[in-house]
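Shared chain: chain A. Partners: chain B in the first complex, chain C in the second.
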Partner chain A sequence: MSRDIRELLADKEFQRKMEKLAGLYPEERSALLAALHLCESETGCCGEEFQEYIAGKLGIPRASVKGVVTFYEMFHEKPRGKYLVQVCRTLPCMLAGAEILLDHICGKLGIRPGGTTKDGKFTLVTVECLACCDRGPSLMINDTLYTGITPEGFDKVIKELD
Partner chain B sequence: MALILVDGKEIAVKQGETVLQACMREGIEIPYFCYHPSLSIVGQCRMCLVKVEGAPKLLTACTTTVPELPREKKLDGRYDMKVSVACDEAREAQRGIMEFLLANHPLDCPVCDQAGECRLQEYSYDYGAPRSEFVFEKLHAPKRVVLGPHIIYDAERCIKCTRCVRFCQEITKTSELSLVERGADTIVGTFEGGSLDNPYSVCTADLCPVGALTYREFRFRERVWFLQAHNSVCPECSRNCSVRVDSYKGEVLRIVPRYNPSVNGYYMCDHGRLITERMRGLETRELPSLIRDGKPSPMNEKDFYARLVALFSEKKYRPGDVAVILSGRMSLEEMAAYKRLSKELFGAVIGDVLLRSGESDDLLVRDEKRPNLEGARKLGLPVSGKDEAVSSLIGGKKALLIIREDPVGEAPQEERERLDTAIGSVETVVVMDDHLTATAARAHYFVPLAGWFEMEGTTVNFKGQLQKTTRCVAPPEGRKPFHDVTAEFLKAAGKEAPSGFREWFEEVKKEIPVLGLVKAGEIPLKGIPLPERKEKHG
Partner chain C sequence: MAGELKVLTANLGMKGTTEIDAVMRRGAYEALIKAMTRMTPDQVLGEVKAANLKGRGGAGFPAGLKWSFLPKGKDKTRYLVCNADESEPGTFKDRLLIENDPHKVLEGIIIAGYATQSAGCFIYIRGEMPQGARVLQRAVNQAYDRHFLGKNILGSGLDFDIWVARGAGAYICGEETALMNSLEGKRGEPRIKPPFPAGYGVYGKPSNINNVETYANVPAIIEKGADWYNSIGSADTPGTRLFGVCGHVKNPGLFELPSTVTLRELIYGHAGGILGDRKLKAVIPGGSSVPVLRADQIDVTMDSAGLKAVGSMPGSGGVIVMNDSVCMVRALHNLMRFYAHESCGQCTPCREGTHWLELLSGAIERGEGREGDADKILSLSKNIMGRTICPLGDAAAMPAESFVRQFREEFEFHIREKRCLPETMRMTTIYSA
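Up next, the complex of A and B:
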């Protein structure tokens, strides 16, 4: 989850995976999303170094790679905390109380959206629709989805995280 | 060929042509931001929404092509598509798009450089809603972002049409730009540490339909509605890009490309635009001067020419004694005038037009760095060889005449000394140029000439396209085009001479017979293609 990017790029196993990915698509550039997912899961972010590497590898302008990384909520340019708290900021969740929830989380963790706690445990972000509009407010902590969550519910959830 | 009906007007649509293109061709206005004839079509801005009969929702005219329907399915038995631009639904959509585009726009037109030539402003007047329903605080985005050496970006004014992004991907193929972030946070950006620094970067400011990308050198210099536009030609290489020169109070403030399919298309290089910056601070002189020890002392024009004529008639230089260096920066009229003068002074046409070459690319920039070398060839003036050292042209001569070239200033270090010695040993050195060059400082006589944008003239580009450049700003009193200087010379020698651009153009026509009936005042803006020059063999 938080390997060093240089170590990752030097890793033979990783390089083999990249080769395989590139070969999976009729056009190499289509492997971009899969490659970004791989890097994100291994290192926790897709920083400049990886963007430049993958741009060269797949023959895509590096500015375009940056465009893709910054477009999608699930990719991050900067390293994030151990737990990524993603609060849905789309209309139905907001109507269901996401705003109150977000205020509470900010107060609880002592950070603003986009920030990381000093101990590096939590990063808080707001994200576009998590596709659970009928059960809002929803949030995700890393890959786990929580719906219909109240401020108290949030406190309980993070208490159980190490 | 399909047939469409647009608000009651029948338009034939060519295979692959879009509704927007067909309407533009027929003079029906559909508003748009992101479409540009030289770029790919993306349907990004949504401004060109039109109603198409039978379609479930409004369609973007820029992306809609017209399939030809089988006879029995034709609408009203005749049309392949029925479109409405002016219907209430389309107007409502245009108003809505304008409202969205302006929701977070700073509306800072009073201090925006684009004001006066801004599509957002124009469409706001033509298509916008009278007031916005958006009552919240506007989002803020980065301002004054230095995207490159000549481009500043204001993300708040940006409407994300992606013209600049596509230009860098498709035309220069340098791909420095991309949309980054998402939704309302989207901005145009480069990779970390990247820079919009390709040789055509300022074209992005031309393409930008709003004030988001501005040209640094022109920023805050003048409100555009005060500028006077003049049609001219860029003198920086043998492409001769058609340009529009914008001046204010006698100063050239901006040079922008002028669409000419047979020369430069829609674009020009940054180097050409930056003439304005290079012109600033040059030492320009108004009066002819005698130069002693590098210091010019101005002289009355009439006495000056009389003195020169007396000198040449007294010395009786023979053609072999004289070296003449001519320039591809001279207009055709100036070259024709020189031929007349040369015959008068030396009894023959002597001299070499300097070949100046440099970098080229496969877009517009040509290797020959003078605008009118092809014109010189058309007039039969010899052009020097690529590797010919200027000092070798001068060696052993008694008189030297240099027109619109600065061989000393442009000489590489190792050649400079040799050139200095060569020029130093010549008895009479006359330099004519639009500013006091390094070469002029070594001359005995300096004749100030009008600069490129200070005179009328014609040039021929590498493909043989003859174009006319106009007098964009007035030269200071006393600075003349070379053909008028020639007339002074001839008059001082008691000879008849044509006067002014128009009469000298008639002289040019004698040498390029194909120009036959063309009048100097009637050269079309896009120029005249001249037939290929027949190479002399053997």
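Up next, the complex of A and C:
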């Protein structure tokens, strides 16, 4: 998480992973989303440098890569916090108290949805239905799903993050 | 009350069911072996057609018929796609199938691959399910090791691969042609149809797309036959269905039932009744995109015919229950914000229409509504319906139209009094109810 992009591109292990991804699907361009996911999880975003690199690697025009990065919610052009807090706010979770939870989280972290804490530790975003509506309210922190989260439960969860 | 019948969910709640050895001891891949060693592809196709398996992704199209649209012939590359994008609000069945019994899904896909003599299948799983993607990839690797995938599977002459691909957070990528664009590394924008996927799908090749649950039905159909399948459920939707009940019920969760179950049995029987022992107010019976029902409309079966009789549809099987503490204007505003956010923006009626529906419902909710606004919602919905490239426009218009039609007085009260109904003033939570 949050590695420097140049360091990442020079990393042999990373290059090996990219080769593997490019050969994974019947056509190379299908690896684009997987490659962007990898960059997101390593560096916290998919900035211009990576876009240029992956465009060349998969033979996709740079503008198309940018179009893809900006289309999908899970890709970011600018770095975000170390922990991406994604709170589901769709109707079933709303019925389960997502709005109260979100208010609490905003207060706790001192940011609004879309914001990042000053120390760069948390970025808060709202997301749509995470497909576990029977156990709401739901949220994800990076790749980890939490369900049935109360305001107190949230405080406990973030306390345990480093 | 009809009891649960565990066909698709037989392995859920057991230990170790993501491992191929464990599920094979419980009969996994026997249907595949039967299909590939004792039946011709046409016999398999015939059985699925005779079973009248209906698509579980929302539209309910007969799966066997869809498979038969793929052009035949040795030289054509055909692809299957498994839609695991599960993003319809209120729907959480595919996640449970994938995370708990991935081999059931794979077995159904490979049988479909044999029936259609396809080259392979893309499983497109939504980006927010990294755990599911890992479980699936592991299961795929195990199936290769057992030679249920790869070259000349079980000596049948079929070469068949499965590729797992992750989405990246876009509801619209659940729409079949948007999904195919996304698989090709593009923005998830729906394509104009025709051409349909059966002629022009992934990489422009003939493709067939089905939902996770649809494929998961196939092994039991092959194992036990179409007659058995037709003996369960209703005439228009045979077999069992996965119903996910969420919202204000005491016992939310997933229930596998024949669709002859009534909505009342589902809510008050299986899901334990209304939370807080309050009154039922409204229920959306098939994922957020289908028309909402009032409390007096729940004595209907959960198949197409039953729900059609009260103006709704089975959709994706996600049942969202709301008690009388819910403000319907606010609930609609929440949904309209969702559709406005998820519209890909290609068509004016959808891009502008969903945006206006969000603004209007929001204004009414905040006490800024004006006389005639309820009718404006109705006319906006009417002008979106059927005028867009993909059905997302309709998916927003149907709830909008039905919320106003079914709860008109509540909308008028908001506009007149500039506030919520007294019993809906407080924000509801599961913890305090």
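Here is the rule we use: the second predicted complex is superposed on the first by the 160 of 162 C-alpha atoms of A that agree within 3 Å, B and C clash if a C-alpha of one lies under 4 Å from a C-alpha of the other, contacts with A are read in each partner's own complex, and residues count from 1 in each chain.
In the analysis below, a contact is a pair of C-beta atoms (placed from the backbone, for glycine too) under 8 Å apart; a residue touches a chain by one contact, two chains touch by 3 or more.
Since the model is a prediction, treat every value here as computed from it, not as a measurement.
With chain A as the common reference, the superposed partners chain B and chain C clash.
Within the superposed three-chain model, A:Ile158 lies out of touch with both chain B and chain C [touch as defined at top].
Looking at the shared chain after the overlay, A:Lys66 reaches chain B, while chain C stays out of its contact range. Residue contacts after overlaying the shared chain place A:Ile141 against neither chain B nor chain C.
Look at A:Val127: by the touch rule set out above, it reaches chain C but stays clear of chain B.
The larger set of touched chain A residues comes from C, when the choice is between chain B and chain C.
Touch criterion met: A:Met74 reaches chain C, while chain B stays clear of it.
Looking at the shared chain after the overlay, A:Gln51 reaches chain B, while chain C stays out of its contact range. After superposition on chain A, the stretch of chain B whose C-alpha atoms clash with chain C is 43-51, while the remaining options among 43-51, 115-123 or 187-195 stay clear.
Chain A residues in contact with chain B (one complex) as well as with chain C (other complex) are 64, 67, 71-73, 128.
Chain B contributes residues 169, 175-183, 189-192, 194 to its touches with chain A in the complex.
Within the complex, the chain A residues that touch chain C are 24-27, 29-34, 36-37, 58, 60, 64, 67-68, 71-75, 86, 89-92, 94-97, 99-100, 127-136, 140, 143, 145, 150.
Looking at the complex, you find that chain C touches chain A at residues 86-92, 94-95, 120, 122, 126-131, 163, 165-171, 182-188, 203, 244-248, 252-254, 288, 318, 320, 322, 326, 331, 334-335, 338, 341-342, 427-432. Those residues of chain A lying in contact with chain B across their complex are 48, 51-52, 61-67, 70-73, 128.
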